[in-house]
Amino acid sequence: MRVLLPVLWPIAAGAALLAYTGICNSKKKASPGTAGHGRITALDLIYIAALALETVLVIAAAAGGGSVRLLSLTDTLTLGLRVDSAGSLFAVLTSVMWLLTGIHSVAYMKHEEWAERFYGFYLIVVGVLVGIDYAADLVTLYVFYEMMTLTSLPLVLHELTKEAVQAGLKYLFYSVGGAFLALFGIFYLANVCGDLSFTAGGRFTAEMAAGAPLLLTAVFCMIVGFGTKAGMFPLHGWLPIAHPVAPAPASAVLSGVITKAGVMALVRIVYFLVGPDVLRGTWVQSAWMVLALMTVFMGSMLAYRENVFKKRLAYSTVSQASYVLFGLSLMNPVGFTGALTHVVFHSAIKTCLFLFAGAVIVVTGWKKVDQLRGLGRVMPLALACYTMASLALIGIPPFSGFVSKWYLATGSLASGTGALGFAGPVVLLISALLTAGYLLPIMIQGYFPGQDFDGKEIGERGLTKKEPSLLMLVPIVVLAAATLLLGCFPGPLVAFVEKIAAAVM
Amino acid sequence: MSPTLMLNLEEEVSMVLFGVGFTMLLLHRNLIKKIMGMNIMDTAIYLFLAAKGYIEGRGVPILTDGVQDASAYINPVPSGLVLTGIVVSVSTTALMLALTIRLYERYHSLDLDQILISMKMEEEEQL
Amino acid sequence: MSFVQNFPFFSIIIAMFSGIVSSVLSGKKARAVSIAAITVTTVLSAFVLAFCLRTGQSYTYMMGHFPAPWGNEIRAGVLEGLTALLFGVVMFLSVVGGLRYTEEDVEPSKQNLFYIMIDLMLSSLLALIYTNDLFTAYVFVEINTIAGCGLIMMSQTGRSLTAAIRYMVMSSLGSGLFLIGLSLLYDVSGQLLMSPAKEAVARIVVDGSYQIPLLVIVAVVSVGLAIKSGLFPFHYWIPDTYGYATPTASAVLSGLVSKGYIFLLIKFFYRVIGTENAAHSHIINALFFFGVAGMMFGSLRAIMQTDTRKMIAYSSVAQIGYIYMGIGLGTQAGMIAAIFHIFSHGATKALLFISSVGLYKVSGDRTDFLALRGSAYRNRLAGAGFLVGALSMVGFPMLAGFISKLLFATSAFASPHKMLITLIALAVSTVLNAIYFLRLMIGLYRPTKSGSFVEPAPAERTGGGEEADRKGRGAKQAEKGAGPGSGSAAAAANPWTMRIAIVCFIILNLILGLFSQPIVSAITDGLAMFG
Amino acid sequence: MYDRLLAVPVFLPIAAGAALLAMNGLIRRKKRERTMQWLVEALVLINSLLVAWLIAGCGGRSGSLVLFRLYGQLTVMFKMDRMGSFFAGLVAFLWPLATLYAFEYMEHDERRPAFFAFYTISYGVTLGVALAGNLVTMYLFYEMLTFATFPLVMHPMTTEAARATRQYLYYSIGGAAFAFIGLVTVLSYSATGTTGFVPGGMLNPAAAAEHKNFLLFVYVLAFFGFGVKAAIFPLHDWLPKAAVAPTPVTALLHAVAVVKSGAFAVLRFTYFSFGTALLRGTWAQWVVMAAALVTITYASTMAVKEVHFKRRLAYSTISNLSYILFGASMMSPLGLAAALIHLLAHAFMKISAFFCAGAVMHHTGKNYIYELDGMGYRMPVTFACFTISSLSLMGIPLFAGFISKWSLCEAALSLGSEMSGGAGGAVGRVMPYLGVAVILYSALMTGIYMLSVVVRAYFPGFVQQVKEAVGGGGEKAAAATGTGIKDGVNQDPSWLMLLPLVIFAVVIIAVGVHAGPVLRFLALIGGEAG
């Protein structure tokens, strides 16, 4: 029950919320979300309480451990949940990010329609994500993975503009396509292996691998397939389109957390099912590394050239998520540690950045980068938080990004993959430079708009010193602080991750 | 020339005639000539049959002066067949001639193609 | 000697005499005589069949007690009895079903002539079935031709006259070939009675002499009878002939006459040449080839037609092809299939001709597809009859056509070289049949262009039709007399005689389809008796 | 007694339908028609209960009934074996519900009695296919099915309908003509001289070995012949065209009864007549498998291109039917079981999807996908069911479609590992994997063509634009433009339509969540016949 609750509770709560609003709608009552415009309603409180409870439940589950069998679809296909340390890391991260973004979203959604629908699906998605993290076997993971795609779809096309719907469909089709590509691998593994439950270090021995001629192909399919969610080349096309059109809180979790679901799936497959020993040194590893590095570079490059703020952040996510994938592709403990720590750091950073973008949109309505000149006069505090997060993402010590990148680079050099292993740090470095190139100008233009900037618009619209509301600001500040704190004291986290790494390798 | 060819002259002639008649019946457009062709064809067969039944030096199989030995007569069966055949062919010819007359009255032509053309035109007028 | 053994002779003679008597009778009386004659001969045939089945063997009946080779013989066995019986039934139903139309289409003064022709036709068919003498067969072939020609020209339109002359020309060609074949046979064997001729042929084959003349004989007789029965490529007289005669005549000609010749050919193969010899000659392959080609060609041409009568007529070409394909297989099984198809096609095609007339009558006497739209609602029974006929043609299980198809297909396995061709030809032909029959059938069950189920055709639209349309849909309504125009048309189109005929034909089809086992075993027995 | 009752469920509906046709003239008045409808429903229900009783009574033992002898060894015979009871049960479950649905759908139709008459007749005929004990009987009912259903396709009586009917008939009869070759061949090579179904095949092994290539050729012909009803490429074209028929027909007949009869016939023919031992690893297997795969690819791609709602679903049906045929072409116990589970799953998914489409058409007159914006709010229950069926069709876990897809791929992969020894030649080594790839591709396409409908229904893309254009009164404007979002107009159909939909949705989820018992039963069939 303890394992089940963090999955079931938000799904049930979200469904109930949706049902309730549905009933309200059909009875032609004023819908509860839009009532009391600008004020916090009971619904909002319940919503935040539900999220908080979820965080508590996840932490409780992580602390308590255990496993549960959910369903038996057929005699051979059973669904189950099991708590382990890797899962717990992701689950706790997810729920915390969800809570913080949730708080932000209450304020943000005051400016959007259909808030209650957003809340409902937002709640459901967190349950599903925790389901992915705690999945005991590959099929369960796949089940939740598909559910995640479907339930997060309403978040993407929330605004119901033609553009949003198109983006939503693109998101949907890429995700589903990726999932089906991965499904081939699942079929194959099920056929070869029979039992798909996760064990640290993988289930495959060298003999078993030798007896399965298509094993590598299957794994590669899964890497590309699940890599879709993490925006890995070649199936990255949806991400820069879908993330920005969503409401900012949704963008934040999409970029910050949901991309990590793809990562989680790959961690499970490579390190808990197939086993890194089987894959190390094969063409799959090389191909994966190449893809990851390409994505890293390409994402940064595109972000650098992008003018729409949220889109720029989305491209950044493409790049950063592939840092993680690159770390995983190294298949050594150092790289693994780097990858998992980067998961945590990037999650915090990117959520923070998107929430900031959301706050900017709410307060000023600006969406393009070149509109953001003089932002420091409007929201200096928030911009400070943005600066911290940016620096962390670039990887400047003592901010958190530095730690993970350090591990990634050393891991790459130690991976024994020859030229690719050396190319890794170079690409990471170039990408870091590009990251600086696309993030810092906003800060610089914000605080130092230059001589020719008269700030007329800011003055006229009464935006001077208009920080976002507290509900928005708090999560941003908290996350920015986290990037700094985690960067200063990465010890416990690194130790925790290293323990996982030791278990799987 | 093969010697047997000279021995079976009647058969050969009848075959040639049959071919002539058959071709006329099949290919000629004029109805009267068709009928003539049919008659030639039939006649050829009668010739053939008669030749088959004929035995050198024997008499007609008709009792003229009392009962005689069968060896005095030619084979009577083909003759009977020829007679029957003639009856049949006469009636067929009669029927065809009647038909031809009807067609001629109607379409003023003996040419089958011409008749078909005028028939088509007539039908189109009706529609 | 049992009295029953005289029945074949009686039935021939009765039919012929009724024809002669009819020449001095009025139309109505001639009709009565004719129907009576058909009934009696059918009953007699049934007795013959029963007798042969009981004794389990065939018998030869000497005419006037002259022994072979002078005398003339009749031979009756199970197969002869069965064929005579079924031919009689089909003939009876065709005549009865077409009574009203015969009255309409034939001049009153010529009514008795029509029935004379029917009588002669019956008599010649029976003679063809029963005779054991080839020359007699020739004579009756000619009588048959003349009677057929008379039937065709009865309706006295320009079309039917030209059709008659074409028929006549082709038949004469066929008869001529048949006759020359006989003469040659007589030349080499000295026999015209079938049984002694067979012995003579057997001797010749053993001798190894006269091989080429024998081949020529088989070829000439086959071609002659093939022309007369309308095998592709000698079929071109068929569409006009069947298409423009009166309904009864069409049904009889298409259902029976061509089958009579085929029966004669089968008899010739079995009783004179011997199946072995026939199977070894290449003639049989030619028949097979042209049979298959005819199946395809006939169906393709039928698809191109827009006129119902011509379509049905071209379908006959295809069906004749089936029969020749069965013969061409050169096996016992193939022959059984061919004979069964003679029956099933006779029953089915006659049904189609009779019921299609019912449909024309409610469509303003027009026969094109467009005019016939919705006619099955205007005349339900005729529609049902046509439906059953069409389904049988397509080979719908439980109907006669299916069993034919099944027999053809199973028989194919006995001749390995032709197996695949036969099977595929059957399948393709089924598809083609489906295309033209079902296209028409769908049309029959569609409302007319104006959306009505009741009124005949756009051109013949009457006030009554509209009224009926408004009051309600369906022919039922119309039959109740709601719409004076179309209602009475439907009633007039369905005289009770025709209803009986259609229902009986449907039942006949079902019998052939559902209880084929006894019939097939009878055919098998009959063929065995052929020796 | 039990055996004799076997014929009842087949002939009861046929007789009832015929009686209905005969009484056509009597049922004119509205009130009588209502009575007629409920009588029909009661009859169908009773018949279904009878089938259920027969299946329950069967309990593994296979009763059989020889009705009469058609010719020679050809008997018309019914038999209740596992496979037959499976299909019969499926049909019996769906029919009463579909009839219920048809009441509302056909309420404005003028020729209802004829419709219900043929609809009921089709029920009996389909059961005939299911319960047929030998190939001849199956062929007989297979042909009858064509003729029982074509009046239903033609029901709208438009030119389009006539054209569709014509094509339907030509294709079906053409297919049957080739299947007929198979029938005759089986008869000729049969070990027993009959065509009765025997698990694992019934050909005389010695004769079969001698003429192996011929038999394989005939098998391919017959596969395509029976496959016509299952809409195998290139003989699929009739199915989208037949979507012109009233929706109860398209849903029940052209998504389940007729087309599944085709697939069922292929399965019977493959596993119970020819036998897999003869076919496995031969060129014939790869030919038919390739045909199935081409069909899947082609049809799912075409479905994406199609914008007519029902025709899109029809293309989807084509591709899904070939899933079944793909299962059939594996010639293995797993393949048979997988084919059957997909037969079951697809029946529910597609009938549900079609019923939703029908409900939309009936209540709003919308036929094209692009007209469906915002319908999810106007017909919430309908579209909820549609969503479930869409997800299931895609093969999302927890829905029935996933189970069947899983089974199919599992079967394909084990075939692949079996063939990797080289038993099926180079082609055989590749085909099973290719099959899995094709299924996944098709799943993606399914996602595209089904979910784009769902997304459109729930998230109409232009609301915001309308709002922005009109300004403050956005919501009213949105309502006025007919998007219906939030305007609270509930256009869901009455319970007659909703009940079947909800039941189907429940079944889809139930099978998807707990398929163990069904799969165990199917594994039995696979085990005895593979």
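What to note about this one:
A, B, C and D label the chains in the order they appear, each numbered from 1.
Quick note on the criterion: contacts are C-beta pairs under 8 Å (C-beta built on N, C-alpha and C of every residue); 3 or more make two chains touch, one makes a residue touch a chain.
Source: prediction; values computed, not measured.
Comparing chain pairs B-C and A-D by the number of C-beta pairs in contact, the larger count belongs to A-D.
Averaging C-alpha coordinates per chain places the centre of chain B 28 Å away from that of chain C.
Note: centroid distance chain A to chain C, computed from Cα atoms, is 83 Å. Distance between chain A and chain B, defined via averaged C-alpha coordinates, is recorded as 103 Å.
A straight line joining the Cα centres of chain A and chain D is 42 Å long.
Taken together, the touching pairs link the chains end to end in a line with two free ends.
Each chain pair that touches appears in this list: A-D, B-C, C-D.
Within the complex formed with chain D, the residues of chain A that make contact are 22, 25-28, 31, 71-75, 77, 139, 142-143, 146-147, 150, 153-154, 157, 159-162, 164-166, 168-169, 172-173, 176-177, 180-181, 183-184, 187-188, 190-192, 213-214. By the touch criterion stated above, chain C contacts chain B in their complex at residues 69-70, 135, 138-139, 142, 145-146, 149-150, 153, 158-159, 161-162, 164-166, 168-169, 172-173, 175-177, 179-180, 183, 186-187, 192.
Of all residues in chain B, only 18, 21-22, 25-26, 31, 34, 38, 41-42, 44-45, 48-49, 52, 77-78, 81, 84-85, 88, 91-92, 95-96, 99-100, 102-103, 106-107, 112, 115-116, 119, 122-123 touch chain C in the complex they form. Put simply, chain D touches chain A in their complex at residues 377, 380, 391, 394-398, 402-403, 406-407, 409-410, 413-414, 417, 420, 433, 436-437, 440-441, 443-444, 447-448, 451-452, 455-456, 458-465, 486, 488, 490, 512-516, 519-520.
Those residues of chain D lying in contact with chain C across their complex are 24-25, 28, 68-72, 74, 110-111, 136, 139-140, 143-144, 147, 150-151, 154, 157, 162, 165-166, 169-170, 173-174, 176-178, 180-181, 184-185, 187-188, 214, 217-218, 221, 225.
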